[in-house]
């Protein structure tokens, strides 16, 4: 199992070193803008990560624990540390040195919807977890794994002696419980997930012995390795996949959750009655609350920290998991940090300001790249150091053209016209966007993932149709029959001679997309295309895209760097988020029963390739992915602008007191920033 | 002849709003003697009330006392010129209510609707007399008794709007007398009342005057009231006193055409039945539009062209007590001067 | 008198009911429902909700039923004192609102008190000294209050408070009291944090009241009873304070009721900017997340507060205005 | 002596007399208003602001939508009035900008060797004056090159758009949004308040209830609900209109209460009874007979309602519910000044607050003066 061996760091730095200082005269043309050099800033670190010691010979023989746990052991409230740890140890060598116990990690969060803020800290509660490059999976809950040659059986080898946070053993039974009593329960999950149903053929989870689990499929499903290693419904782990009403994640604490299921609680009536008694409407609402680690302190978990004050309070408090199964080479049970407290900030300005005031010890989430100058200004005062971590995805502002739009035939005609899309892409001056909104630290280009990644379609594809060329754009637009312009120089519709007006639906979310779109609209105006930016509230925008009402929708394509694991922002496969064509997504998702079949052969080709990939071995899969990217970019269904930036979770404020924090984080959905960097190894130097 | 308790000399009170000047009181002079009643009479808008308020120095902005003297003899014999006093001074305040009581014409709006009548009377008492709240309350009840209000114990706690017009006016009087002043100014005390109540109120005032040897200034437009109450009379027209004298003289030998006109306008029992009641020709001019010369000439039946409209007539003394401001009397040489 | 109160009570109940309907309609107005919002919120954090799960959730929350059914169910529960559970917070609405409601009331009343504290004296002064220099100055200052959008003020003050005076950012409690249970220390801590938001909040209303007070008093100052008071030798300021001011204050009683929603609306924005634990941000979030029961309950509660406010202010009016009292007896 | 006084008194006085004699309610109001000098000054100011609204494009220097990253966050420029030779030649220096990669701030240095002289009535971006006359003329520009590149009186925003020009167009939007809204709430207020006051009884109670309900609902959720319900495909203009309607939906209640009060008083007056006897319709009575009788009060009410509208608009936009970019309004501009980086790096964006404050003050003083003046007592 291998997602490509090129290490991400080297090529990144190579690119960065090319930069030179940026100097421009006001009157001079924007062309003179040079890509500014990030290396000058000294804010971009070397990629570095923890090492997992797999050779039992090097494992520590004696173990230490946090003082307060030792106290509990003394009182007999807790078994000795040795018995709490599994025989199959997980030994992690921190990035720099052995740490010290103690301290609280203060962070900011934005409310009950921000559960990911904490889920990510417990990223190690999944079978496999990628390393700091995001390219190679490491063991986590599972000490090892294997995909059969026919690609029909995937085996997880669990750690012997692994325990839940309440001390109960964690075994294959917990996987079987999830599969039989949660996944297969139609009340909880009305329909199977693609991760478990290759080519529509449902797979099974089979217990081999207490510490061996098989995932069995009827057809070859080599992709399952990637799925298990990615932040997917199947591989995502308990913290994220079973919080906030989700019910995935491949395993669950059977010994605790059974009592809340009708099957074990004497039928639906009994279960409902019990739920009512506790103030829940139905047994299901109760179950959703009980299996949610952010809400239910009693829930057994496997991550380094467990909730003690639930997320739906002004402060969300987590404390160390006394049965956490990871130690450092010196035999200290991790985590070093006693506690994590997240304070509610009603708005992001306040959150950012608090970060600058040094009220947080490590915060990368919700930090606004636009504030970077101010953040740097307050570095010494807030006693933090700033790191810029560059993301792997192609673009932070992607303009999806709705291919299934119907309301206005004329508009639909142009949205479906490849040259129209290409022309608009050429008309975008990405350097301008980069300077204005990414402070010049990002990389202009198409939607394609970074050069470092295996799925990168090849040289030239980040530039294809994605370099600024107004003249060519104009020629192309003239050529496709939009030569006629009105008094103000805007191109007119071919049906009624009125001005052709495109709507760009932009949401004020991770990036100031409405503002970005204003600039893009201004650049499009220069080639005679009128685009009306619609600054729309998030829910509204999504509802409207689901109703197929949008012309163009702006979002980011984070996650698409691992095309198969998170395809929705590259390919319209899930109706809940298919900006590129909601009706096509419905069609694809329903196996042709609902929605609208694409008449564009290229889209059909993409669907085919995507489906075939699941059964392909790694190398073919990579080729297929590159194939898909090439079509996507050549067709410009979505225009890429600027990406591979620190805009999302990439501006990191780290307290000077905090040790073992890598100088570079992997920014990608499956890296679980910052959890992928194993926060349990971080500690306070003083 | 005894010294007057209050004598006003050439009182001048002007209002100066943006649009011009209103000579509300323009050189009025008169004397007031203890135990006597001076009636100031004239049509509404001729400056009667302003004269009265000038004495208490409570003329509202933009009005101001701009000249003349208001000589008040205090109980200790001192004579103070109110015109010279600072209207905010302690002494002026002592005089208000303390030395001079004032009865206003609309008892309804002149009493606060948010405070019991007792409250207001007690306040008036304690402003000028060192009394405890309790004593003051007793005093207030006595006063209400004195002005002839039934069940004063209850009334003292009632609000003005709960009382009849007559009772209200009695309360006003009680209020005015609260601090036992030597002078009582009654500004149209009966205008708002029906005839029978009028009579009662006037009777009350007369009684009180007798009992307490009050000097009363009675302001009214009603010659009938004057005839009934006043010892001496001052007839005002447009801020000037056009004729003044003992009540008999004014009534039986009126000199000024205006006085004569006023008298003709009272219904008289002697008048022939169903004979039309005389009215004064024309109407009182707009305050801004005060005519030059004798202000009355546009309405005067004995108007002398070239005289009356040229300069203001001088004061002519008919006898010791009787004065008139008209060219018809005394040497015409005045005009030459 | 009793009859009057009863009549007012019945009307109040009617109003509250009307409010509940309007509330529900408002919340239903935007397209989409909580599940849509939930999906968006999840996809924002990179995880996926599948189409079918979404449908299942809709059933779970009964969002698949027609609006009027949903309203019916809701209002019936409300009548029984059960406001339902917040979908987003996974807690009973009453718990979620909890302290926040009291915080809102505290802040609002602090604001109202400050408003009056500033507005009345200035109003009186500029009426008594109409067109005087100070009249202009005071009114000017007062008006700057409404003129400056208070959210702007809030942010500026917060930023420079942080930049120059190292104030802790937003919130009503300093971090050590955040978790602590209620204690005198916590109350004092609250007292220390209260003035800033309260003043910002007050500014808007102040100028309004200054104008009302000034106008009212100008009318009253011309009434004869003031002259009467002077005529009995009262000191000028006393003559003004005891009589016309008393009369001019009367109409204020009736404004108490309407001041509340005004202040609360204002507090939503302020609380958002200053991140105060009031119902404001909660309401905003609930509306955006289409968390019906939460949003509905908050708006309803505020509405009820107002109605009660108006009711009380009527009673106060009845109590302080002898004329109305007299009217009652007849 | 006194005769002399009288003599000169004559003309003045009689003139005044005539004035008084023929003075209508409105004239009286106007006289009293003159006394309130601040109100008059404010009135003039308001008129000036509306002139700006009318000539916004003409006063703008560059297209308010012209973006350029090379101009992002330029601070306001200093204008040099005189040349070296001392001759009066207003000019600005061209700017050289670079991003400091240590602080990530944009640094702009004026280049004294490269002067750009200000010029009047220059050609600029095209627009339609009064929406009719197509022209390219603008009040201010520079002698050579395009002003986009050199002239930034009030600096630029993040996208490098000229703040001055945006301010001009924002003024237009915000001032007119107020007008439309007020007109609407005025109509509703007078009509419903009038009916309420005129009929009394059941109708009165109903309308009073409605008002109470409307006012009992915190306005912001009301706005949010309504604003979010606006269809996606509406043009900026439609949204803009909708917002004003929404705002005035709440705005009318206050006015209605005032009007009702006045009507209750006026109801008894003879001329109304007369009109009724004459069989005039209710509406006619309200708008033909009664409204004129307290015109001045309505004027005052309007001038006080307008600022409320403007504030509402800014607040709505701030919450992201009102006007959105690319529409330009005071609220939208204020939104740009609403984040920490703006406060720290581009405080000049706050300049928008100035006109907001000034105009609202002006309206309030005007209204205050009008109300004092309209007061029955002189």
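Per-chain numbering from 1; labels A, B, C and D assigned in written order.
Criterion: contacts are C-beta pairs under 8 Å (C-beta built on N, C-alpha and C of every residue); 3 or more make two chains touch, one makes a residue touch a chain.
Computed from a prediction, not measured in an experiment: that's the story for all the values here.
Asks: Which one of the chains is closest to the middle, using the mean of its C-alpha atoms?
Replies: C
Asks: If you average the Cα atoms per chain, which one ends up farthest from chain B?
Replies: Farthest by centroid: A.
Asks: So the centre of each chain is just the mean of its C-alpha atoms; given that, what is the distance between chain C and chain D in Å?
Replies: Chain centres of chain C and chain D, defined by C-alpha means, are spaced 27 Å apart.
Asks: Just the number, please: Cα centre separation of chain A and chain C in whole Å.
Replies: Centre-to-centre distance between chain A and chain C: 41 Å.
Asks: How big is the gap, in whole Å, between where the Cα atoms of chain A centre and where those of chain D centre?
Replies: Centres of chain A and chain D (C-alpha means) sit 47 Å apart.
Asks: With centres defined as the mean C-alpha position, give me the chain B-chain D separation in Å.
Replies: So the centre of chain B lies 54 Å away from the centre of chain D.
Asks: By residue number and range, which residues of chain B touch two or more other chains?
Replies: none
Asks: Mind pulling the residue numbers of chain A that touch at least two other chains?
Replies: Only 349, 353, 356, 537, 540, 544 qualify.
Asks: Please output the residue numbers of chain C that touch at least 2 other chains, ranges allowed.
Replies: If we look for residues of chain C contacting two or more partner chains, we find 30-31, 155, 159, 272, 288.
Asks: Hey, which residues of chain C end up touching chain D in the complex?
Replies: 11, 14-15, 18-19, 22-23, 25-27, 29-31, 130-131, 136, 139-140, 143-144, 146-149, 151-152, 155-156, 159, 163, 207, 211, 215, 218-219, 222, 258, 261, 264-265, 268-269, 272, 283-284, 287-288, 295, 299, 302-303, 306-307, 310
Asks: Of all residues in chain D, which touch chain C in the complex?
Replies: Chain D reaches chain C through residues 35-36, 38, 205, 209, 212-213, 215-222, 224-226, 228-229, 304, 307, 311, 314-315, 318-319, 334, 337-338, 340, 343-344, 350, 353, 356-358, 360-361, 364-365, 368, 371-372, 375, 377.
Asks: Under the stated contact criterion, what part of chain D meets chain A in this complex?
Replies: 65-72, 74, 94-99, 101-105, 108, 126, 134, 145, 149-150, 158-160, 228, 232-233, 235-236, 320-321, 324-326, 338-341, 344-345
Asks: List the residues on chain C that touch chain B in their complex, please.
Replies: Within the complex, chain C touches chain B at residues 223-225, 227-236, 242-243, 246-247, 250, 320-323, 326.
Asks: What residues on chain C touch chain A, complex-wise?
Replies: The touching residues are 30-32, 36-57, 60, 85, 88-92, 96, 155, 158-159, 162, 166, 168-170, 175, 178-179, 271-277, 281, 285, 288-290.
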